[in-house]
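Listed below are the structures to be examined.
You will see subunit A twice below: alongside subunit B first, and alongside subunit C after that.
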Partner chain A sequence: MSTILDVKNLTLSFRTDEGLVKPVRDVSFSLERGKTLGIVGESGSGKSVSTKAVMQLLPGIASVDPASQINYTAKNGETFDIAKIRPGDPRMGKIRGGEIAMIFQEPMASFSPIYTIGNQIMEAIQLHRGLNKRQARELAIEMLDKVGITNPVARVDQFPHEMSGGMRQRAMIALALSSGPQLLIADEPTTALDVTIQAQVLRLMRDLQAELGMSMIFITHDLGVVAQVADDIAVMYKGEIVERGTVRDVINTPQEAYTKRLLNAVPRLDRVVPPKPLNNNRRLIDVRNMSVDFEVRKKKLFRTEVEKVRAVNNVTFDILKGETVGLVGESGSGKTTVGRAMLRAIDPSEGEVVFHRKKKGDIDLAHATEAELQEVRSKLNMAFPEGPVQLHSLGSDLLRRFRPEMSLVFQDPYSSLNPRMTVRDIIAEPLVASGLMNSREKIDERVREIAARCKIDLEHLRRFPHAFSGGQRQRICIARALVSKPKFVVCDECVSALDVSIQAEIVTLLKEIQAEMGVSFLFIAHDLAVVAQISHRVAVMYHGQFVEYGPTEKIFFNPQHPYTKALLSAVPHPDPDAQFNPIRFDGEMVYPIATRTPQGMSLRIPERGQAATDRPIELIEIDDGHFVACRLQDGPVSSESRVLEPA
Partner chain B sequence: MTDMANMTPAEAKAAEKERQRLLKYYSASQWTLIWWRFKRHRAAMVASLLLGLMALAGIFAEFVAPYGPVTRDTSYIEGPPQIPRFCDDNGCSAVPFVHGTMTKRDPVTLRALSVPDPNVRHYLGLFVKGEEVKVLGFIPTNRHLVGLQDTDQKIHFWGTDDLGRDVFSRTVYATRTSLSIGVIGVLISFVLALVIGGIAGYFSGIIDNVIQRVTEVIRVVPIIPLYMGLAAAMPKEWSTTQVYFAMTLILGLFGWPTLARRIRSQLLSIRYEDYVVAARLAGAGAKRIIGQHMLPSFTSFIIVDLVISFPYMILSETALSFVGLGLRPPSVSWGVLLQQAQSVRAIEQTPWLFIPAVFVVVAVLAFTVIGDGLRDAADPYAEAK
Partner chain C sequence: MLRFTLERFVGMVFTMLLVSMMVFLIMEIPPGDYADRYAFRKYSGTGVNVTEADVQAIRVELGLDQPMLVRYFDWIGGIVLRGDFGQAFAFETSVTKVIGDKVWLTAGILFATLILTYMISVPIGIFAAVRRGSAVDYGLTVFSYLGLALPNFLLALVMMYFANLWFGADIGGLFSAEYQNAPWSLARVWDMLKHLWLPAVVLAWSAVAYQIQTVRATMSDELNKLSVTAARARGVPERKLLIKYPARLAVNPIVSTIGFDVNRIFSELPIVAVVLGLTELGELLLKAYLDLDMNVAGAILLMLTFAIVFMNFLSDLLLAWLDPRIKLGAT
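Let's turn to the complex of A and B:
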């Protein structure tokens, strides 16, 4: 085995507003031919930057310490130090993209939108392999075929926007591999993908590596992913490598305190103990047959056609007081829309959202008439202005008054905080804007109280958002969401952008707050393990519909719907010995057929191609509180389809 | 913080200083951050300094210029620049001086020429007495920043024109006119842009559509012929002040479309930003959302746009006056001054009449560089990530 890349004492410094920082300090690692090195670390640990130094892709504010060495052995056997090569050296042009290829996180951003996929792959091939146009095209098609893109002859002429995220990432891999690199650097290649797609891409990368015998550096924050693909692993923390070793050693018997902490913080679907379902019956919110349509305007030459796209289709569920309902599903499944529609950030097109209040007087937020709202107005003990109410502005005005009762925590803690306001003003905004509180002292008191509760340093209240890290910002967002003492909070992917250790802290914080304030959460996330940790009940969404809904334990440990099963099987566990056999779910939806039996319900999956019954898909309660979307059929179980066995 | 104990006093002091600096950084408002980053842009700082000097000279033109814009020196017509010197053939002096002048005839053309008389020295002085003027229009003084100690003699740093008027003084007065036309023109177009762009961006839909189409119509009208037509329509009997205001109005009225579009698109683009949605969900009304959340987030960009549109105004004024359609003598602006330098004769015999052109170039460049610096500085997260 020969070493292909040997990085020694790599130190980088950046000139920033906060002074000179060293994002990478004294980092050494080496990579052997045909092996995969996983670099794991949280954001800001320097894992990405150190590999960018290998490619000489550092930003202008960076400088490489003279003691650093990046010894690279080229294909022709020559070994040289990349750290010493000046930018623009012809050797670098050959290496970059030719011998070392890179895959980035966001497949959309790494393709040029104005060229076809084929064009871009062919360009790389022509540049690095010196083939002519026709040969390059043939090779491009071959590469697309190799990465599992069906019908590559047609796909090669498609533009990036015509492909789905997973497809684009496959094409990206094809592009990276087309020049025949001996080293592939993959920087969080699956982070932006849904779990089912991630599983496919991971498997593909593993297979291709074995087939082509190349080396790979796999950068990720996800220990589950790294356990599935890497041979060796380097754990980075604050710019330094704290632990290095084989995957098995590091994950099974971590030596360093930080590695242990990291492993403990990772929520594990195979070990999670979900919260027990609440056994009260005090419902807070009832969602009945809610649908949300989006209008898509298609501009024709002389007229505009309005097409309706149903983002959420006939969703019915409820949330109890003090309960957390998890909402999972892949991107585009409509989970965010459900959350927003419940808050009336988007208006539902059909159905009802009923908010139960202590005194009798439920409010149908979707369809409150003037009379009902007048009634609400007297019941909500808020100071509404006296005098006649303008009819046309009535709805939105009363809604505004009702805002303090509910709130939203956003996914991105960077874009959801106004950069021009101090933390104090941001947190106080719901109190001030809704007119809930008027005296400055009272507002300050409440802000300090909730900030302390969310573990924000009170000294920080005078600061502006740019002073904070992602986790701290998310605490500010949570404080803002809770400052008006709402009864219902939608957490829309609120931990997805955070590092695992911070994720764990935020989840703990949310649980504590729920225990204290009795607030109900709708917890929207694509990370199943986090959802399992916090939710009393879980709903699985697919294409705008609920496919399965019930107590967390039942959904995760006894899933009934094929989609739920596929979703769960696609989650990689941080265990190198675990079997990773994701069920391939190709999007062709198969709904089980439910039959009433004397014992209860029996489910079976119809054979593919078998004529489906014309009965509508319904959510059918197959067990106590456990609903599955299926077609209900009365009659005997037909023999040619297999009976679904409880897992 | 834990190793605070085993630090030397010097290290502790440095650490404390660093802590204070970071504290200042964290509680710095957006504007402070922009200022900090702007300060680091050296070219922009130099440009602001130059522009500041120009603006000061323009504001205090009466005091800075040794003579009035129309004061004639009949003894020094079309005279070349007089450069103050410390030494000549007769020795050196601590106080700078210029030579006196005498009239000679060109042996070929027999034209009268003013040439230096090396035997006469006139010494320069600061705050010398001269013409009675009113600084800023109301402070009477007869003192001027620089001049000759001998009040009967005159110094022409940049020479004189064909009527014997001091080019330096005229340039200083012209700076005031040209810069102020720029400022007022930009302000007028800014107010228009803010209102029009704001309405289009906030209400969107049909209103936006109508406003956009009107904007497009205005943008496709070729601008110079339009200016020419409007300028030609100005009655000849208007006073110079009236012409001046008409000019600023014309420039302002046609300068807004670009800026209005920018404001509209900014408003549209941040309408669905998370923090705007957050403000809506916090229960804020439309007025509060626009005033407290949306407008502050792009004021910095608007200011950059404003700064960048200055040169455009100044150039328009200069161009119009240059072709004789803008300001008319006796008012002075850079364009008016350059109009005098149009002829081949001027290039050949009195090249110093081109000095105002340097001012136009410097001012336009300075505004552009400052705009650049501001744009870099205004993006709060440009390098933070």
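Let's turn to the complex of A and C:
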């Protein structure tokens, strides 16, 4: 076994406005031929930038410290130090693409939008393989076929924006491998993908690596992914490698404090203890047969055609007081639309959203003066007479007055805070906008109270958001969402953009706040493990419909619907010994058939090609509070069908 | 692409139709009509007493008593079918004669200025973006601000002084004395080109300064795109990479504003023309406004707006070629 890449004492300096910064200090790692090295670390740990140094792709402000060595053994056996090669050296042109290829996190952005996929793949082939245009095209088609893109002959002439994210990442892999590299650097290649697509791409990369005998550096923040793909692992923290070793050693018996902390923070689906279902039936929100249609305008010659797309289809569920309902599903499944329609940020096309209130004018403003309270009460009372509020049919004026009862936390804490407002003004905005409070002192008092609760340093209230990290910003967002003491908050992927350690803090904060304030959450996320940590009940969405819905424990440990099973099997666990055998889900939806038996309900999956019953698909309660989308059929279980075994 | 072209072409014709109506309305705005002014000019100083009946006779004779819609179709029909822009009142001849060569001279200056602007600003803007933060970049920025701040007529004067000093020739005007009234020939065209560069440089000066900044800004954005890094990572040589990926998109904002540039250059033309002793349409337009010679003014306005609309059509096609997303997004 020989070493292909040996990085020694790599130190990088960036010239910035604040002076010289060293984002990578004294980093050493080596990679054996045919092996995979996983580099893990949180954002800003320097994992990405150190591999860019290998490709000489550093930004102009960067310089490599003279003591650094990047010893690379080329295909022809020659070993040289990339750190000492001057830019523009012809050897570098050969290494880039020809010897070392790279794939990136954003499959959207890594292809240029103005050339076809084929054009860009052929470019790499022609640069490194010395083939003519026709041969290059043939090879490009062959590579697209190899990475599992159906109909590659047609796809090769498509533009990047005509493909889905997963397909683009496959095409990117095809591009990277088409020039025949011996080392592949993959920088968070599956982070932007859905979990089922991620599983497919990981498997593809593993297979291709074995087939081509390639070496690989796999950069990721996801310990589950790295446990499944890497042989060795290097943990980076603040520009340094804190721990190195085989995957098994590092994950099973971490030595360094940071590694231990990181491993502890990772939510693990295989070890999670989900919250028990609430033992009350005080419903807060009822969603009944809600559907949302979007209009898609298609420009035809001289006219515009309007097509309706059903984003959410006939969804029925409820949320109890003080409960968290998790909503999972892949991108485009309609999760966000459900959340927004419940808040009436968009209007449901059909169905009802009913907001229950204990008594009329049920508004609790602990610190308001009697006069203020009177004013608010009279406003609310006039607006909302006794009984439940039919949110779906509320007019815009009444809706605005009802807003303080509900709020929303967004995914991206960077774009959801106005950079021109102070933290204090941002948090106070819901109070001001709804007219809930008028006196400056009262608003200040309330802002300070909620900020303290969200663990925001009160000194920071006068600052502007740009000074804060992602986690701090998300705390500000949460404080803003809670300042009006809402009963219901939609958290739309609110921890997805955060590092795992910060993620854990935010999840804990949300749980604490729920316990104190009794607020209900709709927790939308694609990360199943986080959802399992926080949710009392979970709904699984697919193509705008609920396919399974019930207590978290049942959904995650006894899933019944094939889609739920596929989704759960696609999650890589941070356990190098765990079997990773994702069920391949090719988009063709098979609904189970439910039959009533003396014992209760029995589910079976119809055989492929078997005529489906003409019964409509509906959510059927197969167990206490556990609903599965299936077709209900009367009569006994037929012999030729297999009964779903509990997982 | 064919469908896209067709769609845009139909759009262009429709826009031209609307524009021609607006131009016609503008021609109608000044108080009184052609007949009034014709009568005033014809009989003023002759001592003849003009009655309302006389004016009405002229009106009937010229067809001005017809409803506005009919006159509009007469006017636009004459232009489209016969190239006849009507009578120039102040010069007592046809508009076509008045405008004459000036159309081609103006078009020549406009075109030369556009070409010169783009040929200088695009490569320099790209270069400045690639070398961002270098001395060259800062130098170009200073030049840009100078270019933007310097009034055109002043530049024209300065340049004329130096051109005269260095080349000695009579640099004003568009032709040397011997070609002034000569019929068109190759030699005359060459002579025109020799004179054309000066107004083109003067007019291009500020446009270049402005467009360098535009190209530099978009190029800087494009250079930071992941797709550029990805292309670099697959070993595309730097020069090819720059042209193929970021530069193609960086010229986008320039291409989309060709129409504006035409308009801007035309607006700046008269003052430069006065300094350099050129006779061109902008100056004529001003004069026509002052004389209330609306047929001439309308003809020039119409040609200018048609030129802008046509350039916009061209820029649409060019954009669709540069960035296929535009074309695909539209169908």
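Just so it is clear, the second predicted complex is superposed on the first by the 607 of 647 C-alpha atoms of A that agree within 3 Å, B and C clash if a C-alpha of one lies under 4 Å from a C-alpha of the other, contacts with A are read in each partner's own complex, and residues count from 1 in each chain.
By definition in this document, a residue touches a chain if its C-beta (ideal position, glycine included) is under 8 Å from a C-beta of that chain, and two chains touch if they have at least 3 such contacts.
Since the structure is predicted, the reported quantities are computational estimates derived from the model, not experimental observations.
*Asks:* Is the arrangement of subunit B and subunit C around the shared subunit A a clash or a fit after superposition?
*Replies:* Here subunit B and subunit C cannot both sit on subunit A without a clash.
*Asks:* Between subunit B (first) and subunit C (second), which does A:Glu106 come into contact with in this model arrangement: first, second, both, or neither?
*Replies:* second
*Asks:* Which partner chains sit in contact with A:Gly130 here, subunit B, subunit C, both or neither? Use first/second/both/neither.
*Replies:* In the superposition, A:Gly130 contacts neither subunit B nor subunit C.
*Asks:* Look at A:Ser416 in the shared chain and tell me whether it touches subunit B only, subunit C only, both, or neither; answer first, second, both or neither.
*Replies:* A:Ser416 sits against subunit B, while subunit C stays out of touch.
*Asks:* Going by the contact rule set out at the top, does A:Thr16 touch subunit B (first), subunit C (second), both, or neither?
*Replies:* So A:Thr16 only meets subunit B here.
*Asks:* Contact-wise, after the overlay, does A:Phe464 reach subunit B, subunit C, both or neither (first, second, both, neither)?
*Replies:* first
*Asks:* Is A:Gly77 in contact with subunit B, with subunit C, with both, or with neither (first, second, both, neither)?
*Replies:* After superposition on chain A, A:Gly77 lies in contact with neither partner.
*Asks:* Considering only the touch criterion stated at the top, classify A:Ser179 as touching first (subunit B), second (subunit C), both, or neither.
*Replies:* Touch status of A:Ser179: second partner only.
*Asks:* Which one hits subunit C, of these parts of subunit B: 93-101, 183-191, 219-227 or 291-299?
*Replies:* 219-227
*Asks:* Would you pull the subunit A residues touching subunit C in the complex into a rising list?
*Replies:* By the definition above, subunit A touches subunit C via 55, 57, 60, 88, 93-98, 101-102, 104, 106, 109-115, 120, 123-124, 127-128, 159, 161-162, 172, 175-176, 179, 299-302.
*Asks:* Provide the residue numbers of subunit B that touch subunit A in the complex, in ascending order.
*Replies:* 18, 21-22, 25-30, 33, 36-37, 273-275, 277-285, 288, 293, 296-297, 380-381, 383-384
*Asks:* Considering only the defined contacts, which subunit A positions touch subunit B in the complex?
*Replies:* Counting only subunit A, the residues touching subunit B are 16-19, 61, 343, 345, 400-401, 403-404, 407-408, 410, 412, 415-420, 422, 429-430, 433-436, 460, 462-464, 466-467, 480.
*Asks:* Within the complex, which stretch of subunit C touches subunit A?
*Replies:* 3, 6-7, 10, 132-133, 225-238, 244-245, 248-249, 322-325, 328, 330-331
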